[in-house]
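Listed below are the structures to be examined.
First chain A sits with chain B, and in the next complex the same chain sits with chain C.
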Partner chain A sequence: MNAAAISAHIEPIRHEYAEGRSLILPALKYAQTEKGHLTREDIEAVAEATGFSAAYVESVASFYDRLYLQPTGQRVVSVCVTLSCMLRGSDELMERICDRAGVSHHGGTSEDGMITVQEAQCLGYCDHAPAVQVDAEQTRGPLTLDDADALVDELRTSPRPDELWR
Partner chain B sequence: MPIRNVVYRQREAGQVLTDLSDYRRAGGYEALRTALTEMDRDETVYAFVRSGLRGRGGAGFPMGRKASFIPKDSVLPAYVVCNADESEPGTFKDRELMETNPFQLLEGITLAGYAIGAVRGYIYIRGEYEHQARILDAAIAQARTAGFLGQGVAGSGFDFDITLYRGAGAYICGEETALLESLEGKRGQPRLKPPFPAVAGLYASPTLINNVETLSALPAIIEHGADWYASMGTEKSTGTKLFSISGHVMKPGNYEIVLHDTTLRELVYDIAGGFRPGREFAAAWVGGSSVNVLGPESLDTPLDYESMAEAGSSLGSAGCIVMDDSGSIVRATLRLAQFYRHESCGKCTPCREGTLWLERILQRIVDGEGRMEDLELIESLAGRMVGRVLCALADTGVLPVTSAVRRFRDDFVHAIENGGVPRPEPMMEVPVGG
Partner chain C sequence: MADYAPVDLTAEGQVEFELNGRRVSAPAGTMLVDAAYALGVEVPIFCYEPRLGAPIGACRMCLVEIEGMRGLQTACSTPVQPDMVVRTNSDIAKDGQDGVLEFLLENHPLDCPVCDKGGECPLQDRTFRFGPGRTRFVEAKRHFPKPLDLSSVIALDRERCISCYRCVRFSQDVAEDKALVMQERGAAAEIATLTGDQYEGRFTGNVIDICPVGALTSIPYRFTARPWDVTNTPSICGHDATGTNVELTLREGHVARVTARPEPNYAVEEGWLSDLSRFAYEGNRAPDRLTAPLIRDDGRVKEASLDDAVDAAALVLGRGGRVGILVGPTATVEEGFLAQELARTALGGARIQRLGIPGAGLDAIRSQPRAELGDIDGAGLVVIVGGDPPNQQSIVELRVRKARRRGAAVITVGPRPHALEPVGTAVRSEPGRLAAAIAALDLPEAASTIVLWDEADLAAEPDAAGALARIVGDRGASQIELGADVNGAGLRALGLGAGDVLEAAAAGEIDTLLTIHADPLDGPGAADWGWALGRVRARIAIAAYASAVTDASTVVIPAATHYETDGVYVSMTGRAQRLRPGATAPAGAAPGWELLIALAHRLGAPPPYRSAARAFAAAAAARPALAGLDYDVIGVLGAPVAAVTPVSPNGVNGPREAAGTGLPLVTTTRIFGNAAAHRSEALASVRTGAELVLNPAEGERLGIADGARARLRSPHGECILAVRLAADHPAGAAFATTGVPGAGVERLLPADRGPVNVEIEAP
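And now, the complex of A and B:
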């Protein structure tokens, strides 16, 4: 994403913060919505829009799990593996989703580039365990193993949203 | 059923209150009007103090006292920060508040802001709650249009607005000083305390930080009175508390109960539906996962701060994870150790290295490569982490591990002597929810 587009997103909210540094995270999150991850150019554009160095912006971005500095699939499926979900079958669910997506049981990106599967920690959805999240927008659960197959198939065939909030 | 919906006003009203007019019909914004027209700031803080309300994010610090620490003579503006990072395993009570009753939270933040003379409130919401963030965005916009936020709140002389800030996936950002760092556009790593946020918090300004549930309780306290609130529960555990319950119970969900009125047994069996036929209670992590695990002998403990402490654990965030006798405590403990290893921010060596080692040792016990000395090693490792770190992640993150090894020692010994622990069959029943 270019610096002008990022500026258009953060300038209207700049007055809400005593220090402009606070705009870095909103800018990074917004920049990521374009490709689903952040490239070198995105980091530089965020640096330009916020007025901080690219090295600093990158050091901030690298701290957060949901900011991706490596390419991801078109959709990211986060499978919660924390205790409440584990008790209700998240390990089996993770394996099934990985199998269907064609990636190793540790997760990864499918060969066609459509889906990234990753383990996640408690999603705050334990009453629906085992739970998964598609990007950051949809949380679903409880999922059966058949639901897992259906989810992967659905994500493979449905169009990607205009903005990817992860 | 000892359910008492006070903070879960949406349940009492029988509908979601995501529309301002519905919230107002359910009594919303009456408290703010009362405070702005009939109470001065000190009286408002004093009402919070008298209510006895304790922080619901985990530590249980009295809310009113914290508000009274905000200096009055500061040349810097004061802020209210709402901790909506809700990432403690087993905890999902704030999610429901934001999803179905967002204005009550906005009203609570505004009341807190009025009480401490703040210029702005920030809600720091975890990145994974994008859905809830959009509901809050819409609610903030409605509140601004209706004059409940902005210049001259509700026609008074009080100017106040609220900003929603989205996190990006980091449990540690729920720790209050890490949260402030993140909100300031930095890596979310905890700060050395003191200074405490009340004195030097966001942008080095006086800052009141409270959990979503804590702030959401303020409107009812002002509307019905501090004495009314304090009349529920015990002297040190006043009011109602939201419990999230999950794991092997039949009806996982959120339930609001008066503190001390209900025992753990009643919560598990009567409210959350107990277990599948033939299954029995084995263990519970009552206050989220960062607590000592409890066994069946603790089932008759009343759910309040003092009783939980007496039982050797703590109420924490009241995210109660329950396991029946089909589960493996050794595997459950490993899973929690993995959580803390993953979420350690890496700033302090004892935490970064210690969480890694705890996971490795537990992993080898599960894999059948454990040795008896490992149990002593776990104790000594944990002992070398506690108190030598910047934040409570390490101090409390070792609790589920050390307490499990002590309370369920036989299970660990059995795993070591019998070639590890096979993966148990998970419970696949579809939960009913509550």
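And now, the complex of A and C:
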């Protein structure tokens, strides 16, 4: 994404942030919607749009799990492994999703490039444990193991959203 | 390094408090760590480094107990308060220190036997003195494939990093290159640049000095020595005119490393070195170093012993011809003085000059009150006139940036773009029209003003120098000369002029030439010098490196470099400082002062001294500018030479009209584009060459494309350069890089570096 597009996104919300530095996060999130991850060019564009050095912008991006500096699958499934979900079977859920997606039990990206599975910490959806999040769009739960298979199959066949908010 | 800030325990406004049961006092506002250190109590630290700005409390190493405050406090970020009761060695304080060290070591490899920091490692030392004897950590530590090259000179062993943020703060807040950051988080945190980039800049090596562990180490020095195999000697950098204080690490007779001194000189470099100062030492053993005396006889060259070479030199000089002596810009005060003594006694009637800028119109500005580099960051207004300090007097850049951070207004005016322009308000002057630009300056009110002015630029425009002197005088400001030559100020203090020998040689009045660290054929006016020296019949060269001069000299006597000799350099701010030998000269070479004393003996006029110290004392006794100085007075940190007697700024005339036709030539310099940088292998990947930079409009007008080559011709000489078109350079001038060995831009210039125009065409 280029700097002009990023500026157009952050300028209207600039007044909401006391420090210009804080705009780096919304800028990065928006830049990521294009490809689903951030390239060096994206980092440099965010740097230009926010006025901070590219190295600093990259350091911010590297701090957050949901900002991706490596390519991901078309859709990202984050499986909550924190306490409530764990007690309600997140281990098995994670394994099942990984198996269905065809990746190792630690998570990863499926060979067809469609799905990335990763562990996540509490999604704030404990009352629906065990929960997963698809991109940053929808949080679902509680999921049975059959639901898990259905979820993976559904994501495989659904079209890629225009903007990849994760 | 300079871990604790200096504290003046006698200053006004002391605060009384209790430290480990003792009633003590320190100036209000002093951080507790600094006060304690000044009072003889060491509180261990890692992240605290007063030169990096306000403390950030990142490492928690400095925990102390303060009565009435809950929990332990970080002494690095707690200012002394009246009647506070502080304990640094109570059980609870010690428990805190133990805990922090144990925590820092949990993920630390402790591979001291193969770590380059071993033996001079604050983490090692402080663990030993303050830490727990054993760890309870049994889990796996983090590992990284090791090491990573942060740049061609800095290695990064990530697992040793204790995340103190010192290097990051240096890059972000001191050099302001914004390149070093902490990436990832928690146990995965690591120091990095933007992925794929190297850490490159003018000051990068400083992070090696300030890293409190072996995470950042010097690639050229890695695995060369252990601290107990070396000796360290305080000396002065001989690669620019700033007088940067350095420490030379000596191993087996060679300079193995150059670092900042553990106790910085706060009036000069404040413990920050440019990468040129730090890494140029490798050139001390470059292939073009002269190591054996040579005698040329009828076109045959034979090696000789030092004794025989000095004999031969005395024979040639004593033949009775008219002698000219050239003293180069890196010669020490002692060498300059001994050369003058030769001309006064043994070689009575000899002409002598230094190689440098005559600067006839600079007396008025030079006689205004001088400031030290350390005064810059306290100024309210900093004005930079001409030059390119980041490339030529690099550490000035850090001072100016610091002044700006502290709220100073910065104004630059000059003909060429440079890295300090974006720091403040930049005014672009037309080439040769500095006076007009200075007259048009609208300077804001300020409690204190420091004017930095470029020697070469203002020497070429005496009217601008006069105007500037008036402004400095009217405002009650002080001034700093951005000097062009390493020891230019020292040689001027001796009263050496810069034109006599050239004039005489051009008139055919020199038969024998003695050069001392002088390469007239490679410097400004090279073409004019070549023509004038064509009539000289015999040449004697005392030099450290081979050059066009030594290639054609009857006798070549290898000299010690500034790394290998005693001597005094006077910095551009008028500070006399001592060189101390950190290395031994090659077997076939000797310090210049020794060679000159030997020559005087052979010529029958032995001086009454045999040491550099006594030679300097004699110079100080004979020259008013050096009055009162000797090696003891100069000491470790230097002492000022006498102020220049006031000269009225009225009566300097100008502007000097540029010779020749075509575009005005604006010379530029690059920190890694000079002989010293080109000689050093460590700087191989950052060194730069010469180029002609033109505004794209000029390129179009001249029909010269970006990347093409062009021939430049002035009334003095010509050269061929690669062309770069750059919109940030104004039209109406030709910007050419000087100082690059072999590029020949110096041939375009007159010997006094005065203004010239150049014709540009495709070759």
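Here is the rule we go by: the second predicted complex is superposed on the first by the 165 of 166 C-alpha atoms of A that agree within 3 Å, B and C clash if a C-alpha of one lies under 4 Å from a C-alpha of the other, contacts with A are read in each partner's own complex, and residues count from 1 in each chain.
Assume a residue touches a chain if its C-beta (ideal position, glycine included) is under 8 Å from a C-beta of that chain, and two chains touch if they have at least 3 such contacts.
Just so you know, these numbers come straight off a predicted model, no measurement behind them.
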- Task: Figure out whether A:59 sits in contact with chain B (first) or chain C (second), or with both, or with neither.
- Result: both
- Message: A:118 in the overlay: touching chain B, chain C, both, or neither? Say first, second, both or neither.
- Response: neither
- Could you tell me if A:43 is touching chain B, chain C, both of them or neither one (first, second, both, neither)? second
- Check whether A:110 is in contact with chain B, with chain C, with both or with neither, and answer first, second, both or neither. neither
- Item | chain A residues touched - chain C or chain B, whichever exceeds | B
- Task: Using the superposition on chain A described above, determine whether A:74 touches chain B (first), chain C (second), both, or neither.
- Result: neither
- Doubly contacted chain A residues - partners chain C and chain B: 52, 59, 63
- Query: In the complex formed with chain A, which residues of chain B make contact?
  - Reply: 77, 86-92, 94-95, 120, 126-131, 161, 163, 165-171, 182-189, 202-203, 205, 244, 246-248, 252-254, 285, 289, 319, 321, 323, 327, 331-332, 335-336, 339, 342-343, 423, 426-428, 430-431, 433-434
- Task: Spell out the part of chain C that touches chain A in their complex, as residue ranges.
- Result: 172, 178-185, 192-197
- Message: Taking the touch rule as given, give the residues of chain A at its contact with chain B in the complex, in rising order.
- Response: 13, 16-26, 28-29, 52, 59-60, 63-67, 78, 81-84, 86-92, 120-130, 133, 135-139, 142, 144, 165-166
- Note on the structure: Per the touch rule above, chain A residues touching chain C in the complex are 40, 43, 52-56, 58-59, 62-63, 69
